[in-house]
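By letter and in written order, the chains are A, B and C; residue numbering begins at 1 in each of them.
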Amino acid sequence: MTVTSRRSVLRTAALLPLALAVPAFAQAQAKKHRLLIAVSDNDPGKWNMVMNNVKNAQEDVGGVDKIDIEVVAYGPGINMLRSETPVAGHINDLLKTGVKVVGCENTMKNLKLEKSQMMSTIGYVPAAVTEIMRKQEEGWAYVRP
Amino acid sequence: MTVTSRRSVLRTAALLPLALAVPAFAQAQAKKHRLLIAVSDNDPGKWNMVMNNVKNAQEDVGGVDKIDIEVVAYGPGINMLRSETPVAGHINDLLKTGVKVVGCENTMKNLKLEKSQMMSTIGYVPAAVTEIMRKQEEGWAYVRP
Amino acid sequence: MTVTSRRSVLRTAALLPLALAVPAFAQAQAKKHRLLIAVSDNDPGKWNMVMNNVKNAQEDVGGVDKIDIEVVAYGPGINMLRSETPVAGHINDLLKTGVKVVGCENTMKNLKLEKSQMMSTIGYVPAAVTEIMRKQEEGWAYVRP
(Lines give C-alpha, C1' and ligand atoms only; values in the text may rest on other atoms or scores of the structure.)
Protein backbone atom coordinates (compact mmCIF):
# COMPACT_ATOMS: atom_id res chain seq x y z
CA MET A 1 0.00 0.00 0.00
CA THR A 2 1.51 3.34 -1.00
CA VAL A 3 1.25 6.44 1.12
CA THR A 4 -1.15 7.87 -1.45
CA SER A 5 -3.52 4.93 -1.43
CA ARG A 6 -3.47 4.93 2.35
CA ARG A 7 -4.29 8.64 2.49
CA SER A 8 -7.10 7.99 0.05
CA VAL A 9 -8.60 5.35 2.33
CA LEU A 10 -8.38 7.71 5.26
CA ARG A 11 -9.85 10.61 3.32
CA THR A 12 -12.80 8.48 2.26
CA ALA A 13 -13.27 7.21 5.79
CA ALA A 14 -13.12 10.75 7.13
CA LEU A 15 -15.96 11.77 4.85
CA LEU A 16 -18.20 8.89 5.85
CA PRO A 17 -19.62 10.39 9.03
CA LEU A 18 -20.50 13.54 7.10
CA ALA A 19 -22.05 11.49 4.30
CA LEU A 20 -24.16 9.64 6.84
CA ALA A 21 -25.17 12.93 8.46
CA VAL A 22 -26.45 14.57 5.27
CA PRO A 23 -29.73 12.66 4.92
CA ALA A 24 -30.56 13.29 8.58
CA PHE A 25 -29.95 17.00 8.09
CA ALA A 26 -32.05 17.16 4.92
CA GLN A 27 -34.80 15.29 6.77
CA ALA A 28 -34.65 17.79 9.64
CA GLN A 29 -35.02 20.68 7.19
CA ALA A 30 -38.10 19.09 5.65
CA LYS A 31 -39.63 18.25 9.02
CA LYS A 32 -43.01 19.69 9.95
CA HIS A 33 -43.30 21.97 12.93
CA ARG A 34 -44.84 20.19 15.91
CA LEU A 35 -46.69 22.13 18.58
CA LEU A 36 -48.42 20.99 21.73
CA ILE A 37 -50.71 23.49 23.43
CA ALA A 38 -51.81 22.59 26.95
CA VAL A 39 -54.93 24.06 28.54
CA SER A 40 -55.29 23.70 32.30
CA ASP A 41 -57.38 26.75 33.22
CA ASN A 42 -61.16 26.88 33.49
CA ASP A 43 -61.25 30.16 31.61
CA PRO A 44 -63.27 30.64 28.39
CA GLY A 45 -61.22 33.76 27.62
CA LYS A 46 -58.08 31.61 27.59
CA TRP A 47 -59.84 28.95 25.48
CA ASN A 48 -60.59 31.57 22.84
CA MET A 49 -56.97 32.64 22.96
CA VAL A 50 -55.90 29.05 22.35
CA MET A 51 -58.22 28.81 19.33
CA ASN A 52 -56.64 32.01 17.96
CA ASN A 53 -53.15 30.70 18.75
CA VAL A 54 -53.79 27.59 16.67
CA LYS A 55 -55.07 29.56 13.66
CA ASN A 56 -52.22 32.05 13.96
CA ALA A 57 -49.65 29.25 14.10
CA GLN A 58 -51.13 27.57 11.01
CA GLU A 59 -51.04 30.85 9.07
CA ASP A 60 -47.65 31.95 10.30
CA VAL A 61 -45.85 28.77 9.21
CA GLY A 62 -47.46 28.88 5.76
CA GLY A 63 -50.39 26.47 5.99
CA VAL A 64 -51.95 23.59 7.93
CA ASP A 65 -49.74 21.02 6.16
CA LYS A 66 -46.58 22.63 7.58
CA ILE A 67 -47.43 21.97 11.23
CA ASP A 68 -48.81 19.25 13.49
CA ILE A 69 -50.77 20.72 16.38
CA GLU A 70 -52.22 18.95 19.39
CA VAL A 71 -54.32 20.69 22.02
CA VAL A 72 -54.53 18.82 25.33
CA ALA A 73 -56.97 19.86 28.05
CA TYR A 74 -56.61 18.74 31.67
CA GLY A 75 -57.33 19.77 35.23
CA PRO A 76 -59.89 22.59 35.33
CA GLY A 77 -59.15 23.09 31.62
CA ILE A 78 -61.06 19.88 30.82
CA ASN A 79 -64.26 21.95 30.78
CA MET A 80 -63.15 23.35 27.43
CA LEU A 81 -64.09 19.98 25.93
CA ARG A 82 -67.51 19.38 27.56
CA SER A 83 -70.53 19.17 25.25
CA GLU A 84 -71.75 22.58 26.39
CA THR A 85 -68.39 24.36 25.84
CA PRO A 86 -68.70 27.83 24.31
CA VAL A 87 -65.81 27.02 21.92
CA ALA A 88 -67.34 23.86 20.37
CA GLY A 89 -67.65 25.52 16.95
CA HIS A 90 -64.05 26.70 17.07
CA ILE A 91 -62.83 23.24 18.09
CA ASN A 92 -64.72 21.51 15.28
CA ASP A 93 -63.26 24.01 12.80
CA LEU A 94 -59.76 23.17 14.01
CA LEU A 95 -60.40 19.41 13.87
CA LYS A 96 -61.23 19.82 10.14
CA THR A 97 -57.73 21.25 9.59
CA GLY A 98 -56.10 18.17 11.13
CA VAL A 99 -55.50 19.55 14.62
CA LYS A 100 -55.76 16.90 17.35
CA VAL A 101 -57.82 17.87 20.39
CA VAL A 102 -57.61 15.53 23.37
CA GLY A 103 -58.84 15.37 26.95
CA CYS A 104 -57.08 13.83 29.97
CA GLU A 105 -58.72 10.62 31.19
CA ASN A 106 -57.13 10.97 34.63
CA THR A 107 -58.78 14.35 35.09
CA MET A 108 -62.11 12.87 34.00
CA LYS A 109 -61.81 10.01 36.50
CA ASN A 110 -61.09 12.54 39.28
CA LEU A 111 -64.07 14.68 38.31
CA LYS A 112 -66.35 11.68 37.55
CA LEU A 113 -66.86 13.01 34.03
CA GLU A 114 -68.15 10.51 31.44
CA LYS A 115 -67.23 10.59 27.75
CA SER A 116 -70.96 11.01 27.06
CA GLN A 117 -70.67 14.45 28.69
CA MET A 118 -67.87 15.49 26.36
CA MET A 119 -67.78 16.72 22.75
CA SER A 120 -68.16 13.60 20.59
CA THR A 121 -65.49 14.72 18.12
CA ILE A 122 -62.49 14.86 20.47
CA GLY A 123 -59.89 12.22 21.42
CA TYR A 124 -58.35 11.19 24.71
CA VAL A 125 -54.98 10.56 26.37
CA PRO A 126 -54.53 8.50 29.59
CA ALA A 127 -52.60 11.28 31.41
CA ALA A 128 -52.02 14.83 30.16
CA VAL A 129 -48.84 15.24 32.21
CA THR A 130 -47.09 12.34 30.48
CA GLU A 131 -48.52 13.37 27.10
CA ILE A 132 -46.85 16.77 27.56
CA MET A 133 -43.61 15.09 28.69
CA ARG A 134 -43.50 12.51 25.90
CA LYS A 135 -44.22 15.05 23.18
CA GLN A 136 -41.30 17.17 24.42
CA GLU A 137 -39.11 14.04 24.47
CA GLU A 138 -40.04 13.57 20.79
CA GLY A 139 -39.05 17.16 20.00
CA TRP A 140 -42.41 18.91 20.01
CA ALA A 141 -42.57 22.51 21.20
CA TYR A 142 -44.74 23.10 24.27
CA VAL A 143 -46.86 26.18 24.77
CA ARG A 144 -48.84 26.81 27.94
CA PRO A 145 -50.91 29.95 27.31
CA MET B 1 -3.55 -4.33 -1.16
CA THR B 2 -6.18 -5.87 -3.40
CA VAL B 3 -9.40 -4.12 -4.31
CA THR B 4 -11.23 -6.57 -2.09
CA SER B 5 -9.14 -5.87 1.00
CA ARG B 6 -9.48 -2.14 0.36
CA ARG B 7 -13.25 -2.42 0.10
CA SER B 8 -13.18 -4.38 3.31
CA VAL B 9 -11.32 -1.57 5.08
CA LEU B 10 -13.80 0.95 3.75
CA ARG B 11 -16.78 -1.18 4.68
CA THR B 12 -15.46 -1.54 8.20
CA ALA B 13 -14.73 2.17 8.42
CA ALA B 14 -18.19 2.99 7.13
CA LEU B 15 -19.72 0.95 9.93
CA LEU B 16 -17.68 2.61 12.64
CA PRO B 17 -19.83 5.71 13.12
CA LEU B 18 -22.86 3.43 13.42
CA ALA B 19 -21.03 1.16 15.84
CA LEU B 20 -20.11 4.17 17.95
CA ALA B 21 -23.69 5.37 17.81
CA VAL B 22 -25.24 2.11 19.02
CA PRO B 23 -24.28 2.37 22.70
CA ALA B 24 -25.53 5.98 22.78
CA PHE B 25 -28.81 4.87 21.22
CA ALA B 26 -29.21 1.93 23.60
CA GLN B 27 -28.44 4.28 26.46
CA ALA B 28 -31.10 6.73 25.24
CA GLN B 29 -33.65 3.90 25.09
CA ALA B 30 -32.83 2.87 28.64
CA LYS B 31 -32.86 6.47 29.89
CA LYS B 32 -35.32 7.44 32.58
CA HIS B 33 -37.97 10.00 31.82
CA ARG B 34 -37.14 13.35 33.41
CA LEU B 35 -39.90 15.77 34.31
CA LEU B 36 -39.75 19.21 35.90
CA ILE B 37 -43.03 20.63 37.18
CA ALA B 38 -43.01 24.33 38.05
CA VAL B 39 -45.53 25.87 40.44
CA SER B 40 -45.83 29.66 40.42
CA ASP B 41 -49.46 30.18 41.46
CA ASN B 42 -50.72 30.73 45.00
CA ASP B 43 -53.59 28.32 44.40
CA PRO B 44 -54.16 25.23 46.58
CA GLY B 45 -56.42 23.78 43.86
CA LYS B 46 -53.47 23.88 41.48
CA TRP B 47 -51.16 22.40 44.13
CA ASN B 48 -53.48 19.41 44.46
CA MET B 49 -53.46 19.08 40.69
CA VAL B 50 -49.66 19.00 40.74
CA MET B 51 -49.68 16.26 43.37
CA ASN B 52 -52.04 14.25 41.15
CA ASN B 53 -49.91 14.98 38.09
CA VAL B 54 -46.86 13.52 39.81
CA LYS B 55 -48.67 10.32 40.86
CA ASN B 56 -50.23 9.97 37.42
CA ALA B 57 -46.87 10.38 35.72
CA GLN B 58 -45.26 7.75 37.96
CA GLU B 59 -48.06 5.28 37.23
CA ASP B 60 -48.29 6.04 33.53
CA VAL B 61 -44.60 5.37 32.83
CA GLY B 62 -44.69 2.10 34.77
CA GLY B 63 -43.29 2.95 38.20
CA VAL B 64 -41.30 5.45 40.23
CA ASP B 65 -37.99 3.99 39.05
CA LYS B 66 -38.77 4.89 35.42
CA ILE B 67 -38.93 8.64 35.97
CA ASP B 68 -37.06 11.43 37.76
CA ILE B 69 -39.44 14.17 38.87
CA GLU B 70 -38.62 17.54 40.37
CA VAL B 71 -41.23 20.00 41.57
CA VAL B 72 -40.00 23.57 41.88
CA ALA B 73 -42.08 26.26 43.59
CA TYR B 74 -41.43 29.97 43.12
CA GLY B 75 -43.12 33.35 43.09
CA PRO B 76 -46.55 33.17 44.74
CA GLY B 77 -46.27 29.36 44.35
CA ILE B 78 -43.69 29.28 47.16
CA ASN B 79 -46.56 29.14 49.65
CA MET B 80 -47.09 25.52 48.60
CA LEU B 81 -43.96 24.69 50.61
CA ARG B 82 -44.62 26.67 53.82
CA SER B 83 -44.98 24.67 57.05
CA GLU B 84 -48.72 25.28 57.13
CA THR B 85 -49.35 24.20 53.52
CA PRO B 86 -52.51 22.11 53.04
CA VAL B 87 -50.57 19.69 50.80
CA ALA B 88 -47.81 18.82 53.31
CA GLY B 89 -48.97 15.21 53.57
CA HIS B 90 -49.05 14.84 49.80
CA ILE B 91 -45.57 16.35 49.47
CA ASN B 92 -44.09 14.02 52.09
CA ASP B 93 -45.68 11.05 50.30
CA LEU B 94 -44.04 12.11 47.05
CA LEU B 95 -40.66 12.65 48.72
CA LYS B 96 -40.76 9.00 49.85
CA THR B 97 -41.01 7.94 46.19
CA GLY B 98 -37.84 9.85 45.28
CA VAL B 99 -39.46 13.00 43.91
CA LYS B 100 -37.40 16.17 44.55
CA VAL B 101 -39.35 19.14 45.88
CA VAL B 102 -37.51 22.45 45.95
CA GLY B 103 -38.22 26.07 46.75
CA CYS B 104 -36.68 29.17 45.12
CA GLU B 105 -34.28 31.04 47.43
CA ASN B 106 -34.64 34.25 45.39
CA THR B 107 -38.39 34.23 45.99
CA MET B 108 -37.80 33.66 49.71
CA LYS B 109 -35.36 36.58 49.90
CA ASN B 110 -37.93 38.83 48.18
CA LEU B 111 -40.68 37.74 50.56
CA LYS B 112 -38.39 37.69 53.65
CA LEU B 113 -39.31 34.04 54.20
CA GLU B 114 -36.96 32.03 56.43
CA LYS B 115 -36.24 28.31 55.99
CA SER B 116 -37.65 27.84 59.50
CA GLN B 117 -41.04 28.85 58.10
CA MET B 118 -40.88 26.16 55.40
CA MET B 119 -41.51 22.41 55.43
CA SER B 120 -38.37 20.84 56.91
CA THR B 121 -38.29 18.02 54.34
CA ILE B 122 -37.87 20.07 51.15
CA GLY B 123 -34.77 21.25 49.29
CA TYR B 124 -33.80 24.55 47.70
CA VAL B 125 -32.45 26.04 44.46
CA PRO B 126 -30.84 29.50 44.22
CA ALA B 127 -33.16 30.67 41.40
CA ALA B 128 -36.17 28.81 40.02
CA VAL B 129 -35.94 30.50 36.63
CA THR B 130 -32.45 29.17 35.95
CA GLU B 131 -33.35 25.78 37.45
CA ILE B 132 -36.14 25.52 34.85
CA MET B 133 -33.78 26.68 32.10
CA ARG B 134 -30.90 24.37 33.03
CA LYS B 135 -33.14 21.32 33.36
CA GLN B 136 -34.46 21.95 29.85
CA GLU B 137 -30.87 22.37 28.60
CA GLU B 138 -30.18 18.90 30.07
CA GLY B 139 -33.18 17.44 28.22
CA TRP B 140 -35.81 17.42 30.95
CA ALA B 141 -39.43 17.99 29.97
CA TYR B 142 -41.06 21.07 31.50
CA VAL B 143 -44.66 21.19 32.61
CA ARG B 144 -46.27 24.34 33.96
CA PRO B 145 -49.76 23.34 35.14
CA MET C 1 -0.29 -4.43 3.88
CA THR C 2 0.63 -6.00 7.20
CA VAL C 3 -1.90 -6.73 9.88
CA THR C 4 -0.35 -3.92 11.89
CA SER C 5 -0.71 -1.27 9.21
CA ARG C 6 -4.28 -2.38 8.59
CA ARG C 7 -5.12 -2.08 12.28
CA SER C 8 -3.55 1.35 12.23
CA VAL C 9 -5.83 2.46 9.39
CA LEU C 10 -8.84 1.14 11.25
CA ARG C 11 -7.79 2.73 14.50
CA THR C 12 -7.34 6.09 12.81
CA ALA C 13 -10.67 5.74 11.02
CA ALA C 14 -12.36 4.83 14.27
CA LEU C 15 -11.16 8.05 15.84
CA LEU C 16 -12.39 10.24 13.01
CA PRO C 17 -16.01 10.55 14.09
CA LEU C 18 -14.82 11.57 17.55
CA ALA C 19 -12.36 14.05 16.06
CA LEU C 20 -15.17 15.58 14.02
CA ALA C 21 -17.37 15.71 17.10
CA VAL C 22 -14.90 17.65 19.24
CA PRO C 23 -15.39 21.12 17.72
CA ALA C 24 -19.19 20.76 17.98
CA PHE C 25 -18.84 19.75 21.63
CA ALA C 26 -16.48 22.61 22.42
CA GLN C 27 -18.91 24.97 20.71
CA ALA C 28 -21.79 23.63 22.82
CA GLN C 29 -19.78 24.21 26.00
CA ALA C 30 -19.09 27.79 25.01
CA LYS C 31 -22.71 28.44 24.00
CA LYS C 32 -24.68 31.13 25.79
CA HIS C 33 -27.76 30.19 27.73
CA ARG C 34 -30.92 31.14 25.83
CA LEU C 35 -34.14 31.82 27.68
CA LEU C 36 -37.57 32.78 26.40
CA ILE C 37 -40.03 34.05 28.99
CA ALA C 38 -43.65 34.28 27.84
CA VAL C 39 -46.19 36.54 29.53
CA SER C 40 -49.86 35.91 28.77
CA ASP C 41 -51.56 37.10 31.96
CA ASN C 42 -52.95 40.60 32.61
CA ASP C 43 -51.43 40.63 36.07
CA PRO C 44 -48.97 43.35 37.21
CA GLY C 45 -47.88 41.08 40.07
CA LYS C 46 -46.78 38.50 37.52
CA TRP C 47 -45.09 41.19 35.41
CA ASN C 48 -42.97 42.19 38.42
CA MET C 49 -42.12 38.54 38.95
CA VAL C 50 -40.94 38.32 35.33
CA MET C 51 -38.72 41.38 35.80
CA ASN C 52 -37.20 39.72 38.88
CA ASN C 53 -36.84 36.41 36.99
CA VAL C 54 -34.80 38.12 34.30
CA LYS C 55 -32.45 39.83 36.77
CA ASN C 56 -32.09 36.63 38.78
CA ALA C 57 -31.27 34.63 35.66
CA GLN C 58 -28.62 37.15 34.58
CA GLU C 59 -27.00 37.07 38.02
CA ASP C 60 -27.26 33.31 38.48
CA VAL C 61 -25.46 32.46 35.21
CA GLY C 62 -22.65 34.92 35.97
CA GLY C 63 -23.52 38.05 33.99
CA VAL C 64 -25.62 39.47 31.15
CA ASP C 65 -23.11 38.31 28.53
CA LYS C 66 -23.67 34.66 29.49
CA ILE C 67 -27.34 34.58 28.52
CA ASP C 68 -29.69 35.73 25.76
CA ILE C 69 -33.12 36.53 27.14
CA GLU C 70 -36.28 37.38 25.25
CA VAL C 71 -39.54 38.35 26.92
CA VAL C 72 -42.62 37.95 24.72
CA ALA C 73 -46.00 39.33 25.76
CA TYR C 74 -49.27 38.18 24.16
CA GLY C 75 -52.94 37.70 24.86
CA PRO C 76 -54.00 39.60 27.98
CA GLY C 77 -50.27 39.85 28.81
CA ILE C 78 -49.83 42.42 26.04
CA ASN C 79 -50.88 45.11 28.52
CA MET C 80 -47.46 44.73 30.14
CA LEU C 81 -46.06 46.62 27.14
CA ARG C 82 -48.57 49.50 26.84
CA SER C 83 -47.22 53.03 27.35
CA GLU C 84 -48.92 53.30 30.75
CA THR C 85 -47.56 49.97 32.08
CA PRO C 86 -46.44 50.09 35.73
CA VAL C 87 -43.27 48.15 34.81
CA ALA C 88 -42.00 50.57 32.11
CA GLY C 89 -38.95 51.52 34.20
CA HIS C 90 -38.09 47.87 34.82
CA ILE C 91 -38.46 47.05 31.13
CA ASN C 92 -36.20 49.91 30.05
CA ASP C 93 -33.60 48.79 32.58
CA LEU C 94 -33.67 45.27 31.12
CA LEU C 95 -33.44 46.56 27.55
CA LYS C 96 -30.16 48.30 28.51
CA THR C 97 -28.71 44.90 29.48
CA GLY C 98 -29.48 43.44 26.04
CA VAL C 99 -32.75 41.67 26.88
CA LYS C 100 -35.22 41.64 23.97
CA VAL C 101 -38.79 42.58 24.85
CA VAL C 102 -41.40 41.96 22.16
CA GLY C 103 -45.16 42.17 21.75
CA CYS C 104 -47.40 39.92 19.62
CA GLU C 105 -48.80 41.69 16.55
CA ASN C 106 -51.66 39.17 16.25
CA THR C 107 -52.81 40.05 19.75
CA MET C 108 -52.63 43.74 18.90
CA LYS C 109 -54.72 43.26 15.75
CA ASN C 110 -57.34 41.38 17.80
CA LEU C 111 -57.46 44.10 20.43
CA LYS C 112 -57.17 46.98 17.89
CA LEU C 113 -54.07 48.21 19.70
CA GLU C 114 -51.78 50.56 17.75
CA LYS C 115 -48.00 50.71 18.15
CA SER C 116 -48.45 54.34 19.19
CA GLN C 117 -50.21 53.05 22.32
CA MET C 118 -47.24 50.86 23.24
CA MET C 119 -43.87 51.55 24.86
CA SER C 120 -41.68 53.04 22.13
CA THR C 121 -38.63 51.01 23.13
CA ILE C 122 -40.01 47.48 22.55
CA GLY C 123 -39.95 45.23 19.48
CA TYR C 124 -42.56 43.02 17.83
CA VAL C 125 -43.11 39.50 16.53
CA PRO C 126 -45.89 38.54 14.07
CA ALA C 127 -47.26 35.74 16.30
CA ALA C 128 -46.19 34.93 19.85
CA VAL C 129 -47.24 31.29 19.57
CA THR C 130 -44.86 30.60 16.69
CA GLU C 131 -42.14 32.71 18.31
CA ILE C 132 -42.35 30.41 21.34
CA MET C 133 -42.34 27.33 19.10
CA ARG C 134 -39.46 28.42 16.89
CA LYS C 135 -37.28 29.43 19.82
CA GLN C 136 -37.76 25.97 21.34
CA GLU C 137 -36.94 24.42 17.95
CA GLU C 138 -33.66 26.39 18.07
CA GLY C 139 -32.89 25.05 21.55
CA TRP C 140 -34.02 27.93 23.75
CA ALA C 141 -35.48 27.13 27.15
CA TYR C 142 -39.08 28.24 27.67
CA VAL C 143 -40.41 29.59 30.93
CA ARG C 144 -44.04 30.49 31.44
CA PRO C 145 -44.29 32.09 34.91
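What we mean here is this: a residue touches a chain if its C-beta (ideal position, glycine included) is under 8 Å from a C-beta of that chain, and two chains touch if they have at least 3 such contacts.
It should be emphasised that the depicted structure is a prediction, and the values quoted were computed from it without experimental measurement.
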Q: Please state the rotation angle, between 0 and 180 degrees and to the nearest 5, that superposes the Cα atoms of chain B on chain C.
A: 120
Q) Over half of the interface residue numbers used by both chain A and chain B, so same, or under half, so different? A) different
Q | Geometric centre distance via CA averages, chain B-chain A, whole Å | A | 21
(Q) If a residue has to touch 2 or more other chains to count, which residues of chain C qualify? (A) 1, 9, 13, 16-17, 142, 144
**Q.** Residues of chain B defined as touching chain A within the complex
**A.** 1, 6, 9-10, 13-14, 16-18, 33, 35, 37, 45-46, 49, 52-54, 56-57, 59-61, 141-145
Q: Spell out the residues on chain A that touch chain B in their complex, using ranges where they run on.
A: 1, 5, 9, 12-13, 16-17, 20, 38, 40, 75-76, 106, 110, 126-130, 132-134, 136-137, 142, 144
